[in-house]
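Here subunit A shows up in two complexes: once beside subunit B, once beside subunit C.
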Partner chain A sequence: MGTAIAGLGLYKKTPRTSFGVFASVLKARLIIISRYKGSLIMELFMPIVFAALPIMLGVSLASGGTPVAENWKISSGTADFRAFMLIGACTFSVVSLMTWLVGFWVRREMVTGTLESVWVTPAKKYLVIGGVTGYALIRAFTAFIISFLIGSLIFGVNPFQGNILIAVLFIMIGLLPLWGISFMFGALILKVKEANSLINMLQWVLAFFMGVYFPVTVLPGFLRYVALSFPPTWMTNGVRASLLEVGYFFEHWYIDLAIIFVFAAVVPLLGYMVFMRTEKRLKKNQGMGLY
Partner chain B sequence: MKSGGTAHRGFGYSDHSRKQNFFTFLSMTKKQVIEFSRYPISFVAEFSQVLLIVGMFMFAAIIFIGEGGAGLPRIAGIMMYGFVLNMFLIFVLWEIGFSVREEQYRGTLESLYLSPVNKFSNLTSRIFAIVVWTVGMVGIALVVVNYYVGGLPAENVLLALFLLFFSITGILGMGFMAASLILRLKESANLLLNVLQFFFMIFCAMFFPFSALPPEILNTVTRWIPLSYGVDSFRSVLVGQSPELMALEWEIVVVVLFGILSPIVGYYLYRRGERKARLKGTLGEY
Partner chain C sequence: MPRAIIKVQNMSKTFISKERKKFLRPEKREIQALKSVDLDIYDGEIFGLLGPNGAGKTTLIKCLTTLLIPTEGTAWVNGFNLQKEENLVRASLGCMLMGERGLYWKLTGRENLEYFGALYHVPKEKRKERISYLTDLLNLQEFLDRTVETYSSGQKMIMAFAKSLVNDAPILFLDEPTVTMDVHAARELRRIVKELNREGHTIVYTTHQMFEADELCQRVAIIDRGEIIALGTPTQLKKSLKIQDVVNLEGVIPKGVAEKVKAIPGVKDAVIKDVKAGKSTLGVMCDNSRKLLPKIMEVLLENEVQIEYIQPQDITLEDVFIAKTGRALSVDTSEVPEEEKGGAGGRV
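Now for the complex of A and B:
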């Protein structure tokens, strides 16, 4: 402990200290959000509201004599449009939270003037970002489970139908590419700064292409390929297929899961690379902390 | 006392004439427009967002109706006309409420209040630009959907515009009320606005017919919100169907009263909230 690592002050890079950095950031974020209980409750009800809007439309059409369930089955493979919408809205909430929480963390640190200070600490940046994204993962996954259960109760959906284990696997693995996407959002915020509306818009782009309210198979040719290049599309369809048996893109769950694995291996690395490149460029020019 | 040698008591050199009120409104609107113009990406992003949301709903509606199913223009009309009012509601709530919060955040709210200008002009100027922008945005969205579904129903456009006008002035009043709450709630404002937005979206049946709501909710919540009648009447006269909540004549009366009384009550509540904040010394507090 006598000599410090060059350039790192008294910080000594060991697995224990590395985990300490990760855990401290994670803990700090969790403590901060625990002070905003209203936001947490709101977060749980948001996907339910999103699901409610098209469900209500479907219900009213059905009560008017339109064979809504039959029509929905023809296009999606299931007559249970309520469950279909609820799963879509809950997975969208996961995507939205992951991208927003990481992106907004960068912005918040900029606004409060602490981004540069965080950056000059001798801790590895990927550990700091890892802590933030780990926090986002915990929050998003918890929100998904609770929202889905409450939504199921409200809309009369059986939450325990289908193969739950495979559905959980799709969510868990599907969250990893989101990690990478959230890095890219973080990079975008570093560059554009006041990017709230841009992030909002990009979230709706994701919502559109991941098929929150409809199966992506109804999209015209080119748009369908664009949709399939988004990892969240695979996650959403994987969860729906395992719970509602709407059919996997490649017929078997393990092939779809393998595709998500590929995304999970490539997208986080790509995202981190984009983030670090943006950061490097900024450091060479105006600096990181500029509001 | 008009501007000249002696100052008006408590208002410095301000004369509080109609001309000055108008120029206050104009200057503040100009400030808002300049601020908006500095974020062109936001404009494009907001507009694209609107089209994406509409697109998502349209795809769902098309699947609900089925291949070659009749009635798509009517369903699209029900959704889109509710969506028009929803857009005004969201933008007014966020813009009035949040711009007050932003002034607090930047630390300029107290300075603005110390300036000898009309408070009403100050407040209304915050939404003038955004209302104009919303008109443009929903106009283009309507044209796109109209083209997509092969013609949206548009039965009684003049009466619909009349109802839309009073619904918007009513919504402005709701914006004033939200702003008064935000002065008190400060950092929880975000949450309040989100809750309000979703509350009205569901209980005023903005994206679906009122028949989708359970009768208990319809009778205990929806019928007590004046904006519900704005949504119902505006949608009904355009789609060419009977209103769902009450007879059209009575709905018109409710909407007109809402459009007149809501800004008055809202502004009164805002002034009360602002006065309380000033007495407590928390007006400019972050």
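Now for the complex of A and C:
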């Protein structure tokens, strides 16, 4: 390692200043979004709108006298289809927010011109991206809780049924693999630049496989395995199972949670590697700032 | 012998660009933006990088700031290797590369400085002191606590300049820092650049404005089509032309006239330097303009040129560029046809 010819100015790398990178990115993101209040309010109502469509369909079918709720219970394990849909819509909203916020963070910075300013600093990328994902996590988790409570009021769902603590555990740990998925989305966006329509489509593929409006057990054999390879599917089912007792994939909550732990350990690393590889490939050609 | 704080060794950079032709598959084309550049920048100097758009200045800077990986060659910045010690290279630099676009417009100036200070690992207490120092140095008081979106272009540039100073790095990269500033603000920035240099900072300064380079830079490299075509102090470069006079003739000058003037015995070069609102400036370099002016006028009148203004001037760095390339700095290299380029070259 070389020695500095003319010193390093005020640069002083310590655990504290490294944490400062993470904290500053998180704080800056929160300040910026606090200056877009309309967007924040819209975000809280999106899952409610998503849930309203299937709930209204269910309500209208049930009002015809057909035992819709009973049929629903046979396939899903609960007759409370309102709560089922609401939880699905809220977890999908979390997945959607995480992938958009982290995946499109790079793109936004590219377009606004700040990406190069960030990339030229000695801050480690995992700290910067950690700050962004930390912010996305806070925003997504807060949106989940508030939308779930408002949605419960609107649709007459009891939000305090089942084991809330386990449900929260499923959400918290289920968010970690989403970091990895978001990095992969980010890498995809870096590569193809104008990826809005692709990401939009991929989000709906994710929504399909994580069983937003139906239990994944109704999927045909092969597709069920594909669905089970998506970490959000485990998070959604875990929350539903702990609140509505629809049944865990492996009977006990701790086994399902252990599976999510494995995802949480592997997927972010994998995603980060994919992201950094894409970044290196870009720097070998036109660079990060080109959009 | 001065120490090289930046040492560039045999650096080349090739881009692969895709050319789309209607619905056909895109064709890949190699563009060589830097060609085996060797360069030493000394500790404590203001070094100017001059050249037209597309010459390779920005590519060189992006390679030296780790934003691009060179295709070949390497460099040492502040004693650290570009490829092996990326983070320490970055820690050695203060950069103003994207001008006003390098700031977060929804944050205030202070929040931007806090944010970038943290990203440069400046301890929190030092950050506060530094921001306070920069506020006084650059007169930021009036707009420091307003969001950047409310700033004028000049204020945004000053804030971007402040951002490049937040870590008090030994080396500063300033890419066209005065481009959207008014005359007064630009003059003030140049004064501060000189002051920072006196304090010991090495400054790499790119500009289109030759008088800036003349005023500020101790040494200058002129870069064209990815190659350094001239290097030295501004005085050395101007003396190297071995001409006495430059005359600028302004008016309505049809195409092809420059070539005819160039053919006059005693004229070293004649180039259209600038075109504005249908009027052009023809720069004529010669040994003795007083003696040659009647002959030049004769050729111009024969070609129905309407001359409105004649001005003899001192030799500038732009004249050095013209003498070396046969083109004016205002000509974008990427727009010069391939056959005129003498090889692949120069998009940034």
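Everything below uses one rule, namely that the second predicted complex is superposed on the first by the 281 of 291 C-alpha atoms of A that agree within 3 Å, B and C clash if a C-alpha of one lies under 4 Å from a C-alpha of the other, contacts with A are read in each partner's own complex, and residues count from 1 in each chain.
Operating definition for what follows: contacts are C-beta pairs under 8 Å (C-beta built on N, C-alpha and C of every residue); 3 or more make two chains touch, one makes a residue touch a chain.
Predicted model only: the values in this text are computed from it and were never measured.
Undergrad: Using the touch definition from the top, say if A:Ile32 reaches subunit B (first), subunit C (second), both or neither.
TA: A:Ile32 contacts subunit C only, not subunit B.
Undergrad: Which holds for A:Trp119: it touches subunit B only (first), subunit C only (second), both, or neither?
TA: Second partner only, subunit C.
Undergrad: Pick one for A:Gly58: touches subunit B only (first), subunit C only (second), both, or neither.
TA: Touch status of A:Gly58: first partner only.
Undergrad: Using the superposition on chain A described above, determine whether A:Val205 touches subunit B (first), subunit C (second), both, or neither.
TA: The first partner, subunit B, only.
Undergrad: So subunit A touches subunit B in one structure and subunit C in the other; where do those two contact lists coincide?
TA: Touching subunit B and subunit C on subunit A: residues 36.
Undergrad: Given the complex with subunit A, which residues does subunit C contribute to the contact?
TA: Checking each residue of subunit C against subunit A gives 3, 5, 15-16, 43, 62, 65-69, 71, 76, 78-81, 85, 87-88, 90-95, 97-98, 101-107, 111, 114-124, 126-127, 130, 147, 163, 166-171, 200, 202.
Undergrad: Given the complex with subunit C, which residues does subunit A contribute to the contact?
TA: 1-14, 16-18, 20-21, 23-25, 27-28, 31-32, 35-36, 112-114, 116-124, 128, 280, 283-289
Undergrad: Report the residues of subunit A in contact with subunit B in the complex, numbered from low to high.
TA: 36, 38-39, 42, 45-46, 49, 52-54, 56-61, 63-64, 66-68, 70-72, 74-76, 81, 85, 192, 194-198, 200-201, 204-205, 207-208, 212-214, 218-219
Undergrad: List the residues on subunit B that touch subunit A in their complex, please.
TA: 39, 41-42, 44-46, 48-49, 52-53, 55-57, 59-67, 69, 71, 75, 79, 188, 190-191, 194-195, 198, 201-202, 205, 207-209, 211-213
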